[in-house]
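The letters A, B, C and D name the chains in turn, as written, and every chain counts its residues from 1.
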Amino acid sequence: MSAATQETAIRTGRIARTFIYVVLLVFALFYLLPFFVMLVNSVKPLSEITEGNMMALPKELTFAPWASAWSTAQIGVEPTGLRPYFLNSLFMVVPAVLICTALGALNGYVLTKWRFRGDTLLFGLMLFSCFIPFQIVLIPMARMLGIMGLAGSTAGLVLVHVVYGIGFSTLYFRNYYSAFPTELVRAAMIDGAGFFQIFWRIMVPVSGPITVVCVIWLFTNIWNDFLFGASFASGSKAPMTVALNNLVQSSTGVKEYNVHFAGAILAALPTLLVYIVAGRYFVRGLMAGSVKG
Amino acid sequence: MGFLDISNVTKSYGNTEVLHHVDISVEEGEFLVLVGPSGCGKSTLLNMIAGLESITSGDVSIKGRVVNGVHPSKRNIAMVFQSYALYPNMTVGQNMTFGLEMHGVPKPERDKALADVAALLQITPLLDRKPGQLSGGQRQRVAMGRALVRNPDVFLFDEPLSNLDAKLRVDMRTEIKKLHEKLKTTIVYVTHDQIEAMTLSTRIAVMYNGYVQQLGTPKEIYDTPTNLFVAGFMGSPSMNLLPVEVAMIDGAPHAVTTDADGAPLHLRLHQQNLSEWAGRKIILGIRPEAITDPEGADRASSCIIPMTNRVSVTEPAGSDTFATMTLAGQDSIARMRADASVGPGEMFEFAINMEKAVAFDPETERRIVP
Amino acid sequence: MRGYFGKTMTVACALAATTSMVKAEDVEVLHWWTSGGEAAALNVLKEDLAGQGIGWLDMPVAGGGGEQAMTVLRARVTAGDAPTAVQALGFDILDWGEQGSLADLNDVAAQEGWDAVVPEALQFFAKYDGKWIAAPVNVHSTNWVWANKAVLDDNGIAVPETWDDFVAAVETLKAAGITPIAHGGQAWQDATIFDAVVMSTGGPDLYKAAFIDLDPEALGSDAMKESFDRMAYIRANVDDNFSGRDWNLATAMVINGEAGFQMMGDWAKGEFLNAGKVPGQDFLCFRFPGTGDQVTFNADQFMMFDQGGVVSPEQAALATAILSPTFQSAFNVVKGSVPARTDVSDEAFDDCGKQGMKDLAAAASSGNLFGSMAHGHANPAAVKNAIYDVVTAHFNGEYDSATATEELVNAVEGAQ
Amino acid sequence: MAHQSAEVDFRTRLQNWIPKLVLSPSLAAVLVFVYGFILFTLYLSFTNSKMLPSYDWVGFENYRKLWGLSHWWTAITNLAIFATLYIVICTAIGLTLAILLDQKIRGEGMLRPIYLYPMALSFIVTGTAWKWFLDPGIGLENTMHLWGWESFEFGWIKDRNMAIYTIVIAAVWQTSGFVMAMFLAGLRGIDNEILKAAQIDGASNWNLYRRIVIPLLRPAFLSAFVILSHLAIKSYDLVIALTGGGPGRATELPATFMYSYTFSRNLMGVGASSAVIMLMTIAAIMTPYLYAELREKP
C-alpha cells in the first residue's frame, strides 16, 4: 500500500466500491494500451507486423528486435545500437538535474526566507520563462553557445537544460519552502548559522519530498528532449533521443517497427524506472508543497 | 546607561512608520515584558533587539555597545520563539548545541553545557529524541534550553507560552519565573497576555499603535495607568470606565452619574484637584475589586463610600463572585467575596473604594494626575 | 569562433567542457542516412576515407527527409561550428551557397572532370555562381510506379502506358475488390504524385513553366485544373485509410497484394527487396503513365563548408571519393537510386536499377530531366511548401479543382 | 539602515548580499536566455530573415503576411480547441481518478504508476503506437471488426474535422495521470476533521466533494492549470508524431507552424512573428494569473 495513504473519512457502499474498481481498471487499461501495442510489436518478427493486426499477440515470439535496438541497429554509419548513447544521455541528464535542482532549491530559499523588495517580480519573471517555446530559442541559443565556446559539447547542452529548467525547479522549491516556518531560519541566525549553513543544515534535510518531485520532473523532461540534443550535441555525443530518432525516422529506408518499439521502450526505461521507484514519494512530495499553491 | 538600551528607536516600512521613538532602558537582571494587542509593534521591537529586523533610526545597545547592523549571532543574545522553532531534522541535543557549534565552541564544552542545562530543565532523558516526538511542554523546555545553553547577555522571548494549553501555561509561567530568580538573567519578553506580564515582569512596557504607552513596574501600571488604553488593557476583568460629570457638593468634588434605574448618583471623589474640573466631564476609572460588598471592602482605605444599585447578572468564579450592574448607562463589574449573597435583579448595597479610583481627561484620554 | 576568447570562456565556465574539436585529419559529416541499407552504403565512403588515413566523425540526424538535419545545421552554423560536410538537397544547397558559407570545389571538379559526367540539370544544384559547392552522390527518380505483378497478372492488366490505360487498370482492380492505389496521405507523398500527374497531363512544358519558372499563367492553366481532376480521381481510388500513413506501409500493401499500384520514388524498391521480392518477377517498376520519357529527380549531395577560404585536403578527398565510380556504384546499388554520374557501369544493378540508369541518361541527353517539385528540386522551400499546402488541401477534399488551381496561383505568388 | 552609528561588521553586510548573489546567476541566465531571446525574436519578426537571421527592416510586413495565411488561422483555432479540451478533460479525469483512488483502494500502489507512466515516455515513438492504435485500418476499429463488432467506427484521425480530437485523446493519455497525482496529493493534504465535520452535518458524499473537498483543492487546480497550459502551448512532438499536422493541415498548432515557417520553409521572419503573437497570448493569459497568485501570499 501507498505510504501516502491516510485514513479517509469517507465511507462507500459495496456497489459503489465495485463501480469504483471497474472505473479504475478501465482507466488502467486505457493507460496501458499504447504500451501494450509497443510491447507486443517489439517481440514480433517484422513480417508479422507488416502483414497483420498490430493488436494481435505474436505468433512467433522473438527478442531479436530488442537485441538489435540495443547493440546492432544502425544509428549512423556504424551499427552500434542505442547502447553508446545511453551514457551520453546520462552524462547530460545527471549534471543538468543536479545543478538545476540545487539552483532551484537555493532560489526557493532566497525567495521565501531572504525576501527583499521586488523578489516577487523576479520570481514572476522566472516562472514566465517556463512558457517560452523552445523552437524560438534555438538559433539565438546556438549563437550564445558559439560565443561561449560551448557549441557541440555536453557542457553546452547541460547549460541549456539548466537554463530552461530553472523556472520549474524554482517554482517547486519556492512553494515548498514558503510553507516552512521562517522562525526556524531566524532561530538559526541567532544561533550563528550563516546563509549557507542554514541552507545546508536546516533546509536541505527537510527538502526530501520536493526534491523527488523536482528531480522526476526535470529528469523526464531532459531525458526526453530531442530538439536541443540534436542541435547542440549531435554526433558521437548525441543523447539517447537523438539516436532513437535516427533509428526511427529514417525517411527512405526500410522501417523495422519491431526494432523501433524495442528501442523506444529501452530509451524510456530510465524514466519509467524513476517513476516506478520514486512514484510513491512523488505523491508525497507533491502533497508536501507544490500543490499547496 | 542601562544594560540594554533602546534609545529613540523607530521603524518604518517604506513611508509608514510602525514604531515611534521608543526609549527603554533595561538594567541587568531585569525582566522586561513588552505587552500589547497584536499589531502594536512589540514583536517588531523584539526582532530589532535580536537583529532580525533593521533599525530605521535610533540605537539599540547591549552592555554599552551599539549593535545596530550587527549580525544577530554577534549580539550575544538568545531567543525563544512562539513556535519554538526547533530544527525538525536534529535531535534535542543537537538542537540545543547547534548555536554553540556555530560559534566554534569545542565539543567537550558543548557537551558539558548541554548536560548542565538539560539537568536544570529536567530534560536529560529527551536528548536523543527528535522534536516531532515531544509534547508541547517538552518542546517549550527544549526551546528554553537552547537559549540557556548559550549563556547570553540577554534572553528574548517571543510569546513563548501562547501555544500551550491553559494549565501548562500557568506551570511554565511559574517555571520561567523561578529560572529568572535563580539565574538573574536579563530578559525581554513579548506577550499579549496581561496576566503573564503582571506575574513575570519586574517592569512592563505597554505598547499600542507603535508607541510605548507606559513603562513601569507592574504595580504602577496597574494602579496608575497613564491613559485610557493602559487602564482598559491591563487587568481582568478590565477597569470600569464611567463617563461622569464633576460637580462641587459641600465643597468637595463629586462625580455625578446615574444608577441602573436612572436615578442620580453622587460619588465623592478622592482627588481634590478635580475641583478644577467642576462642571466638566471626566472619565472615572474604577477597578472591579474597588467595588465590593461592604464586608469585603479594604479597611485600610480612607475613602469607602456606599452605593446601592440593581444587579443584572452574577458570575460565581469560585474564589470571587462578579456582579454586573449598570452604572452611568453602561455595564460595570463589581468583584465580591465568593460567599456574598446576591442574585440577579436584586438591589444591593456596594462599597466603593474611591481611593483607588482614577480620573481621565476625555479629550486627551490621559490620566488626570492628582 | 574557436578563438582564444572562446577557450578561456570554456575554462572559466565551471562546467567541465569537452568541445568537439575536430582533429585536422577528421571529417565531420552531418547526414540523415540512418536506416540499415543507407548507413551501410555510407560506410563504404567511410572505409574509403579511412584507407587514406582520414577519420570520420559521424553526425546523423534523421527526420522529415532531412528537415531535422537542416535545422541542426542552422544551429551549428550559427554557433560558428559548422560540420565539414553536410548532406543536402536541391535548393538548400543553393541557399547556403548564397550565404557564402560553402567551399569552392572547382579545382577538385576540374581535376576529376565532373562537368563532363554529371548531368546538367543536376549541376544546377551543385554549383553556385559558377563554382562547384557540392558533390552529388546519387539521383533518385520520383516518377516511378510500383506494382504487384501477381495482382496485375490475375486481373489481366498490362503495364499502363497512358493515363487512359491507367484509368482502365484502376477500374479493373476496383471491380475485383482490390484497392487500386496504395498511398500515404502526407503532404510530400501527395506532392510526389502531383509531380507525375502534372508532367503526364501537361507534359514537360507545363511542368517547367509551372514549377520551375513559377509562371502564374501555367499555374492557373486549364491543364493544371485537369491535373487536379486527375488527382481527385486518384484520391477516389485510394483506400479510406490513407491519411497520415507512412509511405512504406503503403508499399507493404502492394507487397501483400492488398493494392495494385503505388506512386513512389525509387527508394521504395528497398522495401520490396527486403520482403524477399524479385524485380520483374514479383513486382514491377515503370514510369508514371505518360511520363515514359521524362525523369523527375532529387539528388543527395554533400556540401562542403568553407574552412577559411581553402578546400581542406580532407574535403577534397571526400569529394573525390564521393564521385568515384566505385562508390557511386556501390552506394546506389544499396540505396535504390542511380549514380549521379552517367558513366558508371550498370553491371551491379538489378532490373529496376538498370532501367533507371538508362532513363536518366536518356532524359539527361534529351533535356527531359527535371528537378522534382515535391522533393525541393524545382523551387525554394517556401514555394514548395506553399504548393504542398494547396495540393494536400485539394487531395483531402478541402478545395475542388477550380479553387485549387486558383489557390495555387495565389500561394506561389504569396511565397515568393 | 539609515542610521549606522555602530560597527557594522563585514559578515553582516556580506550576509545581506549573499541572497542576492545566490539568485543572480539564475536571474542573469533567465534574463539573457529567455528575455534576451524574446527581444531578439521580436526584432527578427520585423526583418526579412529567411534561412538565417538577417537585419533588413521590413516593418509589419511579416505580421501582415501571417494574418493573411489561412494556415495560421487554422493553427490558432486548433490551439484554442485543443488547449480548452485538453485542460478541461485532463483536469476532469485527473480529479475523478484521484477521488476514486483516495477511497482506500487495494492495489493503489500498482495503479498509480500505471496512471503516471505515460508522462515518462517521449512521443517520438509513443506517437507511432498511438497512430497505429487510432488508425481504423489496423488499430482499434479493425480489432473491433475482427472481434465481431462490424458496425464499430472510429476513424477520427483520418477525418480533417475530427483529427484534432485524436490529438486531444493522446495528449490526455500522456498527462492526465500526472494531474491525478497532483489532485491526489491535494486530497491527502486535506484535514480529515473537516470531512468528519461535514459528514456529521449530514452532507452526502456527492455534496461533500462538491461543496467541501473541491473548493479546498483550489491550489491543486491552479498548479494543474499552469502545468497543463504550458504543455498545451508547447505541444509539438505530439502533433508531428501523430498526424504530422494532417490530414491536410487540419491539426497544425502554433508550435508546429512556428517550426515549419522558421526551419522548413526558410521564412524565419514570419516564424518569428508567429512566435511573438504566441508569446503575447501566453503573457495575456498568464500575467493576471501570476499576479493574482503571487500577490496573495506576500
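Here, contacts are C-beta pairs under 8 Å (C-beta built on N, C-alpha and C of every residue); 3 or more make two chains touch, one makes a residue touch a chain.
None of the values given here were measured: they were computed from a predicted structure.
Walk from subunit A over to subunit D along touching chains and report the minimum step count.
So the least number of steps between the two chains is 1.
Keeping to the contact definition above, tell me which chains border both subunit A and subunit C.
Chains that touch both subunit A and subunit C, as defined above, are D.
Select, from all pairs of chains, the pair with the highest number of C-beta pairs in contact.
Pair with the most C-beta pairs in contact: A-D.
Among the chains, which is located farthest from subunit A on the basis of C-alpha centroids?
Measuring from the centre of subunit A, the most distant chain centre belongs to B.
List the centre-to-centre spacing of subunit B and subunit D in whole Å, with centres computed as mean CA coordinates.
Chain centroid spacing, subunit B to subunit D, equals 56 Å.
Distance from the CA centroid of subunit C to that of subunit D, rounded to the nearest Å?
Each chain's C-alpha centroid was found; their separation is 37 Å.
Once you find the CA centre of subunit B and the CA centre of subunit C, what distance in Å lies between them?
Here the centre of subunit C sits 90 Å away from the centre of subunit B.
Hunt down the residues of subunit B that sit against at least two other chains at once, touch-wise.
71, 74
Which positions in subunit A touch two or more other chains at once?
Expected reply: 139, 141, 245, 248-249.
Among the residues of subunit D, which ones contact at least 2 other chains?
11, 15, 52-53, 263
So in the complex, which bits of subunit D are touching subunit C?
That would be residues 50-53, 65, 68, 71, 131, 135-137, 155, 157-158, 160, 163, 242-250, 260, 263-267 of subunit D.
For a test of understanding, state which residues of subunit C touch subunit D in their complex under the given definition.
Touching subunit D: residues 64, 67, 70-71, 74, 77-78, 95-96, 99, 185-187, 239-245, 380-382, 385, 389, 392-393, 395-398, 414-415 of subunit C.
How about subunit C: which of its residues touch subunit A in the complex?
1-2, 5-7, 9-10, 13, 15-20, 28, 30, 32-40, 42-43, 46, 56-66, 68, 71-72, 74-76, 78-81, 140, 246, 248-249, 252, 255-256, 265, 267, 270-271, 274-275, 335-336
Can you list the subunit A residues touching subunit B in their complex?
Touching subunit B from subunit A are residues 181, 183-184, 186-193, 197, 201-202, 205-206.
If you look only at subunit B, which of its residues touch subunit A in the complex?
Residues 47, 50-52, 71-74, 77-79, 81-83, 85-89, 98-99, 102-103, 146, 150.
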